[in-house]
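Each of the next two complexes has chain A plus one more chain, namely chain B in the first and chain C in the second.
What follows is the complex of A and B.
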């Protein structure tokens, strides 16, 4: 085989061309990494939000809490289902929740932002075990008090002691909570009955979340609820519910790849042009290698490798640039809600981006490399 | 110097130039013996380089037979010829044709990469070849950092490194001035004498031709060797204006 240093040194000798060609790959790969990091971040928030032993029950025909409405009779029927866990004091771990999405005007940026509000009963904290109050205290019922997730705190620039309008009333922020980076951190929690009276939801609620002792039991509860003759509802494990929310990011993933490929075509033409020029300039090298005994396919591989080296250099820089966003927090709309997420550059993303870059290098380098076979050594040396 | 290393029997070579057929070699037959230093001379367009290319396995005759070291290469495939050339033929070019990004050592080592050889043996052989041409002190220099004479020495080392029986040189001194030319010719002569290499050299140059044991004169695609009685007569015929070496 022709030593790789032959290709590497040629790239170094014409380093300006190499860098300019590689920069095409850098841009594409950086864009791809950022887009995939966005998708990965949103997906992670969604998929970790659900607890596997929790079952969420929505009204029949609804897949989102925002549109679901259950009445108290349904609530009682759900609570009668076998398999729901109980707290030490005998309290059934079934949480009736009202979930509302509203707009809030953020004065500092003069923009409207989504705000998710969840009205809960005290048992909700035993059902959603990820939720932990990290600052201040819990809200008291009927005192117009709220606690806010850490994401809301950042996005809406709120702090303990601040007030905000929900409906016709002003509510006071009394606590901050975290929830292991899940979608709950993008929510405001308050007393369920107080929220219901404020928004005329007395006697109805959006969803009921029940906790079981294990994921297997959660699946059994789902089956029982589906088979129930006295109840018409849409039960699913909480994990499944949030996975369905995350499924909306599949469109974004597809769009990311389509954009990457379109941009990639530019990079492919770039490397193709560079390699055709390189081969044109090195026809004598090719002739000498052929005369010395190297076979055409060995020289073809060598030039293909050179194109791949360019793609590796460009791809590496692209990944480095893309990784800058890793951990960077933003909020985005997922379905009818806005969630706070952190860009996440995973090992898989890096592998995909590197593979994509190398694929572009191969596609761009193949045609010029094939032209090596057509070089006639005796003609080239004249 | 008795065994035949190069034998061409009725070698013809035709090329197409549009609809026209051009006959470059017209039934050339020759023999070169092991250890000979032969110069192939003749006017431009006489077929010297074409004949050299047939002997070196870079081209195939249209008709006839080329046997090198007992092996008929005229029917070999391109792939077979490629590997055969690596070990059977050493090439020295007029313009050296070294790989510019590789060092002198790496250029010499290049043909050895095609052989199933350990790295240490490769190194030993490449260093030995560079030592033979007096360039042991220039191993890490790239062609651009070497003089023309030194580059040609590297070219000669590359030609010798696989220990081929036959070295073909196409105008090896064509790009060099007087003193450098003499040095390269001295070197080729020493290698031929010291290593018993067979050297076939195409040249236009009287000084270079005069170093050869035997001259093969070619004109219009045919060998004229038989018309000359002695080497001196052949030289005088080929270079009527040149002063013979003492």
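What follows is the complex of A and C.
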């Protein structure tokens, strides 16, 4: 086999062309990494938001809390379902919740921003165990008090002690909570009955979240609710609910791959140009290699390797550049809600990007490398 | 002289057909995706910045989905300065009793008499279809993309099983298709029919007003905001562009990523062209030396090189965008079904005027990418080149 050193040295000798071709790969791979990191970040927020032993019950046909409405009769029916866990004091772990998407006028920027507000009862904190108050204190019922997620704190420039208008009332921020980086961090929590009376939601609520002792129990509760003859509703585990929300990013993932492949094809033509030129310039080298006894396929592999080397260098740099966005926080719309997420460059993303880059190298190098086979040694040496 | 010069450019491009073709194809592909992604961002941005300031959207002040009492509609519609109005209520449901994600539809119910005037792009709706729309209560008009996706035909009846509380099923009849464009995937029904069928005549999601002037629209927005501030529910009034901007702001991260991709695409195109021209310049040193001997000035040779790049870039740009426009037209007319790969990127029509702009863009990219390689031709020394040959 022809030593790889031969190809590496050739790339170094033609460093300007090598660098330009590799930079084409670098940009394409960097763009792909950023796009996939965005999708991964959003998906992670959604998939980690639910707890596997929790069951969320929505109105029949609804897959989103915003549009769901259950009445108190349905609530009582759900509470009668076997398998719902209880607290030490006997309180059933079933949380009736009102979820509203509101328009908040942000004075500093003079724009309306979306704000997710969840009205809950005290039991909600035992059902959603990820939610932890990290600053201030919990809200008191009927005192127009709210607690805000850390994402809301950043996006809406709010702090403990601030007041904001929701409906006709001014609500005071009394606490800040985190929820392990889940979608709950992009919400405002307050007293359910107070929220209901403020926004004409008396007697109805958006969803009911019940806690069970284990994920297996949760699956059983879902089945029982589906089979119920007295209740028409849409039950699912909380993890399934949030995963369904993440499914909306599939369209963006597909678009990211379409863009990446188009860009990749452009880069493939670029590497083809470089490799055809390299072969054209080194026809005498090829002839000498053939005379020295190297088989055409060995020379073919050698030139293909050269294209792959360019793609590896370009791909590596692209991944490095793309990784700069890792951990960068932004918010985006997922269904009817807006979630705070961090760009996430995972090992899978890196593997995909590396594979993509090498595939581009192979596809771009194959055709020029095949032309090597057609070189006639004696003619080339004339 | 100019003709000879152009002839020389063509002959140079024809000398290495493989390189010209590869460079051209690289630019075609990149300009094609450039046209697609910039079309998404520019359409959204144009709706925000260039939105009609005489159109106002009235919705519930605080919560989403907005629920405006129907009594507000008649009060607001007869205010001085209001030229026209429609109401919007979105009815979401499934086409089967057992819900399936790919069989979910959103039917937009509107005020029947003002369908054409209040929805851009629907003015071309044929008169006979419009007449039938006005006379048939359960009529729906469907976009070509949706017709193709659901495999529907005109005259067909279908039932939407509502995904709402309390559950309600509504039956519709397709009386015609609407022109493609931004309504390609829409379904329009009559508000009065939805109100009767769902037994909910009490509220609508939003009111869209067309006001006689920009000045009056501002006044009206301010007056309505004050008047409905303390009513239950309170109202929010904003211009159409502000409303679009508010929704678009939820996808700022996506739009920013697309903008970054657009910049990368441009740089990539410049790199591909520049690389190709650099290789070409290196290989044609003898030809350039001969040209110099024949009396060509270095500037002439540089212009020739730049001309080659601009020509390849320009033509490739036009071909790339031409292909995209064809795909966009076919998608929005329903000939190509909407799938995951095209539902985001081809949601807005790519105008044919983009072909011309892309030609200019391609030529610009050619110019940018070839300036430095073209300048390198000045370094070609006749004596060195011929000494090597000798």
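Just so we're on the same page, the second predicted complex is superposed on the first by the 377 of 382 C-alpha atoms of A that agree within 3 Å, B and C clash if a C-alpha of one lies under 4 Å from a C-alpha of the other, contacts with A are read in each partner's own complex, and residues count from 1 in each chain.
Keep this in mind: a residue touches a chain if its C-beta (ideal position, glycine included) is under 8 Å from a C-beta of that chain, and two chains touch if they have at least 3 such contacts.
All values reported here derive from a predicted model rather than from experimental measurement.
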| item | value |
| --- | --- |
| Three-chain arrangement built on chain A, chain B and chain C clash or fit | fit |
| First (chain B), second (chain C), both or neither touched by A:294 | first |
| First (chain B), second (chain C), both or neither touched by A:48 | neither |
| Touching partner for A:193 - first (chain B), second (chain C), both, neither | neither |
| First (chain B), second (chain C), both or neither touched by A:346 | neither |
| Most chain A residues touched (candidates chain B, chain C) | C |
| Which superposed partner A:2 touches (first chain B, second chain C, both, neither) | first |
| Least C-alpha distance (whole Å) that remains between chain C and chain B when both complexes are overlaid | 13 |
| Shared contact residues on chain A - chain B and chain C | none |
| Complex contacts: residues of chain B adjacent to chain A | 53, 58-59, 79, 82-86, 91, 93, 97-102, 106, 110-111, 113-114, 158 |
| Contact footprint of chain C on chain A as seen in their complex | 16-17, 20-21, 23-24, 27-28, 30-31, 34-35, 38, 59-63, 66-71, 100-103, 111-114, 166-168, 199-200, 204, 232, 247, 250-252, 254-255, 257-259, 262-263, 265-270, 272-274, 276-277, 280-281, 330-333, 336, 338 |
| Chain A-facing residues of chain C, complex | 18-19, 22-23, 25-27, 29-30, 32-33, 37, 61-65, 92-94, 99, 101, 161-165, 167, 230, 232-234, 236, 238, 245-246, 249-254, 257, 260-261, 264-265, 267-269, 271-272, 274-276, 278-279, 283, 340-345 |
| Complex contacts: residues of chain A adjacent to chain B | 1-3, 5-6, 9-10, 13, 284-285, 287-295, 377-378, 381 |
